[in-house]
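In this document, chain identifiers A, B, C and D correspond to the written order of the chains, with residue numbering beginning at 1 in each.
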Amino acid sequence: MVVVMEERASEEEVQHVIAQLTDRGFDVHRSTGQLRSVLGAVGGNRAFDIRLIEVMDGVHEVLRITEPYKLASRTFKPEDTAVSFGDFRVGGDEVIVMAGPGSVETEEQIAASAVAVKKAGAKVLQGGAFKPRSSPYSFQGLGEAGLRLMRAAADAEGLKVASEVMDVTHIELVSRYADILQVGARNMQNYTLLRELGQSRTPILLRRGISATIEEWLLSAEYILAGGNSDVMLCERGIRTFEGYTRNTMDISAIPVVQKLSHLPVVADPSHGTGLRDHVAPMARAALAAGADALIIDVHPDPDRALSDGAQSIFPAQLDRLMAELRIIAPAIGRSICLDPVASRGWAPPAETAH
Amino acid sequence: MVVVMEERASEEEVQHVIAQLTDRGFDVHRSTGQLRSVLGAVGGNRAFDIRLIEVMDGVHEVLRITEPYKLASRTFKPEDTAVSFGDFRVGGDEVIVMAGPGSVETEEQIAASAVAVKKAGAKVLQGGAFKPRSSPYSFQGLGEAGLRLMRAAADAEGLKVASEVMDVTHIELVSRYADILQVGARNMQNYTLLRELGQSRTPILLRRGISATIEEWLLSAEYILAGGNSDVMLCERGIRTFEGYTRNTMDISAIPVVQKLSHLPVVADPSHGTGLRDHVAPMARAALAAGADALIIDVHPDPDRALSDGAQSIFPAQLDRLMAELRIIAPAIGRSICLDPVASRGWAPPAETAH
Amino acid sequence: MVVVMEERASEEEVQHVIAQLTDRGFDVHRSTGQLRSVLGAVGGNRAFDIRLIEVMDGVHEVLRITEPYKLASRTFKPEDTAVSFGDFRVGGDEVIVMAGPGSVETEEQIAASAVAVKKAGAKVLQGGAFKPRSSPYSFQGLGEAGLRLMRAAADAEGLKVASEVMDVTHIELVSRYADILQVGARNMQNYTLLRELGQSRTPILLRRGISATIEEWLLSAEYILAGGNSDVMLCERGIRTFEGYTRNTMDISAIPVVQKLSHLPVVADPSHGTGLRDHVAPMARAALAAGADALIIDVHPDPDRALSDGAQSIFPAQLDRLMAELRIIAPAIGRSICLDPVASRGWAPPAETAH
Amino acid sequence: MVVVMEERASEEEVQHVIAQLTDRGFDVHRSTGQLRSVLGAVGGNRAFDIRLIEVMDGVHEVLRITEPYKLASRTFKPEDTAVSFGDFRVGGDEVIVMAGPGSVETEEQIAASAVAVKKAGAKVLQGGAFKPRSSPYSFQGLGEAGLRLMRAAADAEGLKVASEVMDVTHIELVSRYADILQVGARNMQNYTLLRELGQSRTPILLRRGISATIEEWLLSAEYILAGGNSDVMLCERGIRTFEGYTRNTMDISAIPVVQKLSHLPVVADPSHGTGLRDHVAPMARAALAAGADALIIDVHPDPDRALSDGAQSIFPAQLDRLMAELRIIAPAIGRSICLDPVASRGWAPPAETAH
């Protein structure tokens, strides 16, 4: 931390700050300029609240030098992390697509979804069994019955399963059926939940809170990593801004920014990111072009009748067309996309790529 | 709901929308103008996602007419709700002050806090035993031991106790020691927690999420009210904006807006609202002048050594001075403030007030 | 406009609202439901301030049905507008790239820029001669001398010229040298300037204000169109949000949204959109993948020594690599990019595209 | 400026940064720690764009130590600035109220406004003759005729006049009639205008841009101060946030923050700050309680028929009642309010105040 004193700070004020920092376990180095003193402080607790120094008399400004997170940072681990699932990895050369309905509703619905997801070339079936709804009067999910249906539908198609945990009490249950535990945006700072997920060995997909800074998002990942679970995927899903035409503003630039700050893979969610079906495909293409490691997309066999998220769910035929577009884009960033036998039939990667 | 069709919408598109609405249980009334058709839809589920209609072909815009919440609205209950605590009420003529440290740290610290709080004329001692911290490396609270110390300190001074619950597993425990359960901003949309609090009979102080719209805040209150707990106080504590000088932007205008939309009492938290000690007093005065029913303020006997929230905690002497200022302001809005014998000693209310 | 009355509104209040609307030139149609009255009002002034009705007694909510802009909307003109420049058009099948330094500095610098821009396959040389700077102590541009140097450099390479006008007094002067007049984000609501540009016959590139809603942006375009200048290009260049890692948050989703609402072509500016060199390429690719009609990119022969915008300017070699990536992406949205002889040498478009 | 190098930065990278800073006129002091090097740079241009260093290889972070503005800062001028107008001052012990209609419409309207303003005890009549309107189809103001009417109405009541300049071409004209030139939010970064206002000797009321940071606002004040006009008043009028119930979110906390950073007086505008009549009084009281030096309030003799800003204009009787409330609050911050003979009749200041 660097403490910049005011020009008119008295010697007593400077000494008071030095004493406070020393008390807190910092090593302090003072440089006295012509106009003002500047103090450099190293050591101490990574989580120290710098505002404690900011409010002291004679202090002009306090600047933090180290990121408040450690395990999530590239400084700590320079090479990319990839999360492995049997025959594929999130964070490698291949870009992975996850898709499925907002919630599991019936056996037919989830089975039809799984078929569509597989046919399009995606690798993971997503679907909610426990739904966080802003209104207490909305459909709240099928619970364990939904998980069981989804697991069966995924197994029939050779897909992995991703589903949300809303509470510590769900972890054990959802882990029995799912390969990926999703943390929703509203729970990004539910620290009790994050701490418990650190004890799990199931990979986590951590959605960014609707108004979370990138630093806060990485701090939430740190909670999970610090508990011992190193399989964390970060998922950008739109932030809240003043603009109301789209439900959220999908922060595409967060993708390259996070990849620079952290070694964790980044997933993009264009469905929540825009909230409207028409904008899902353009934003999915944009996220891939910006370098996302995976995409997670709401698709439903009959979105107009969906019990949740219907407006942001695309039709299976739209997913097929989107996948064709994504396959054209992927080589521009030196990557391939979902190259399984069914999906790649009739399509050949270009002979050379841009990188 | 009002559905505005596009000028070029075909008759088939209009019929498709009508069918979708009818299926969903709405009564539809159509008016066909010179340029476009407009559909009025009543009935149906209050939580219906209007985006489902927005994405249909030929639809120009969908406008919701009813608020998505019911029990929290003034339409449902026109008269003010006051939450009673023995000899005082939050939401009546008297403005209540709650104060205390960010966290309970030691027996001496919480006892000294209680003395200062009582002396200033406040009625409720607040303090955290379970702390939601954005870093896993920060002090996380004393747990039950902290609650026990706080209860003893409050009882010795004749104060009520307010403390935060972070998780469903805390509710029973915290309720044994506290008179008010606080829900933090990060948990405003933790629906599992809200649902359980609806089963409790302890009054709830529900902080607004850092990026929650007023509608979302009232929907979260609705979760608690719908469970049967009608003692909900809404607490404004600052929203996230582009401005970085203050940690948050305290949304003072939310106070009169919420009071117009809802019958629930509104509490203002200038400590979290600004994040910096120097700005607590001006914002406390502003919140009172805007009509807040209560204030909740971080005060600490030695803020420079606080284990949490020290930078936003004021000194006991600052609280005393602030209370004197608040007593001058209260009559401007036709109210009094904390008129207990100790606090009002030497102070007499003005003979007449403005309202 | 639709006026929703409160459930408890008196007949007198309803009549008062009807009278106010009739006075203002609206035709009013009333439907009286079981719970409340709803008034439909048509005609009247497109710019009528609906808040005037909102504040009336007994009014619950007022909903606007028509967009406040007309000439800029797709309702008015369903087919795409393309702005033509001799042998190319912005808004057609070919995606156009504009590039150049933040400001014209010297004859050598702008000539080197023009060579790099041409070599990469871009069609327009951009550069500032009048610079809007937030500090009065920053470099403010070379003025007319800069325009003269830029014109000469562009002519030598067969490029068009785009440059900013900050004030009505610049219009005539800049028009003498430039083919495109840029309006900066800070001037998006400088109505005196917009009105004058409506009188011009030079195409306008209208940057979105840093906190302008899409509706406000289109209203600003309306000012120019209403004056008679129909060659308006809309330029997304990042909005202000709570996130501070990037200078702005580039709103990629605005691209498809605006294309749905308006017939005007959309240009994306990834340099201002991110403010940092490293993020320009990912966001340029993302903007193209989302459907932008053109890109405008800061490039400088020696960005570390640039007098303005150096940090967001890429090196000529980076522009070359980016163009190669963009050429791979364009077919995914059924478009080509900058197919002039120099740039396309050694590159052949894929045999088939996705659409 | 402090430059923090990455842990893995090479010696060559460090030397490259030092060379770049030295070239730009900075004195550089290097301290090499165990983990990383930190460079302190002093001197150089106040307006230097620190992003130029941020993008260099091996640089972890760059922190600015000095504010980018000078004349506007308290470091430069520690004592408060008060702007004088004959028998009163903005920025002294007395809090000044300015009031009037959004636009001058007719002789009767402005005369009735002046009478109401005077009767309430306000000192300045405000009113627009040139109106910045987001729609080209809205009323644009009466121009010089309006100024003439307003001057006459103000003179008849012994009031000062405040009116907006939208463009450099208005300055000379408006100055002939007005005592205060207002700069609107949309023009806060119209640098051509600011520069010209620096040449004027008429006091300026500079409204904060709707998404301007406090730093940008003070930089805009700097433009005027740097030109030689030292009579600048800063006016908070609401910022744009995600919340839509109020048109803007009035940033009350900006009042104490700006007063700490700058010596310039701060005016609060609760009419634009909320956009709705009902919320004007609570926010006016809040702004005063937070320490505003003056208030500027939209009042209209017949707001329902106002040609602009009617929804945010209060009735004369509401202004009277608000003034009575403000007079109760002022002593809480050690100030008086508008103590002219008419207004103070029947009211006596309290014998003692809180400070």
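As a convention for this text, a contact is a pair of C-beta atoms (placed from the backbone, for glycine too) under 8 Å apart; a residue touches a chain by one contact, two chains touch by 3 or more.
The structure presented is a predicted model; accordingly, all values stated were derived computationally and were not measured.
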{"item": "Selected pair, greater C-beta contact count between A-D and A-B", "value": "A-B"}
{"item": "Centroid comparison with chain D (C-alpha atoms), farthest chain", "value": "A"}
{"item": "Interchain centroid distance [CA atoms averaged], chain B/chain D, Å", "value": "30"}
{"item": "Inter-chain centre distance, chain A versus chain B - centres from mean C-alpha coordinates, in Å", "value": "28"}
{"item": "CA centroid of chain A to CA centroid of chain D, Å", "value": "40"}
{"item": "Where chain C touches two or more other chains at once, by residue number", "value": "211, 240-242, 244, 278"}
{"item": "Chain B residues touching chain C - in the complex, by the definition given at the top", "value": "2, 4, 6-8, 29, 31, 33, 38, 40, 42, 60-61, 63, 65, 75, 78, 211, 240-242, 244"}
{"item": "Chain B to chain A touching residues, read off their complex", "value": "20, 45-47, 49, 51-52, 54-56, 68-69, 132-138, 166-169, 186-187, 189-192, 195, 210-211, 216, 219-220, 222-223, 226, 240, 247, 275-278, 304, 306, 308, 310-312"}
{"item": "Interface residues, chain A side, partner chain C - complex", "value": "211, 213-215, 239, 241-246, 249-257, 260-261, 273-274, 278-279, 282-283, 285-291, 321, 324-326, 328-329, 331-333, 350, 353-354"}
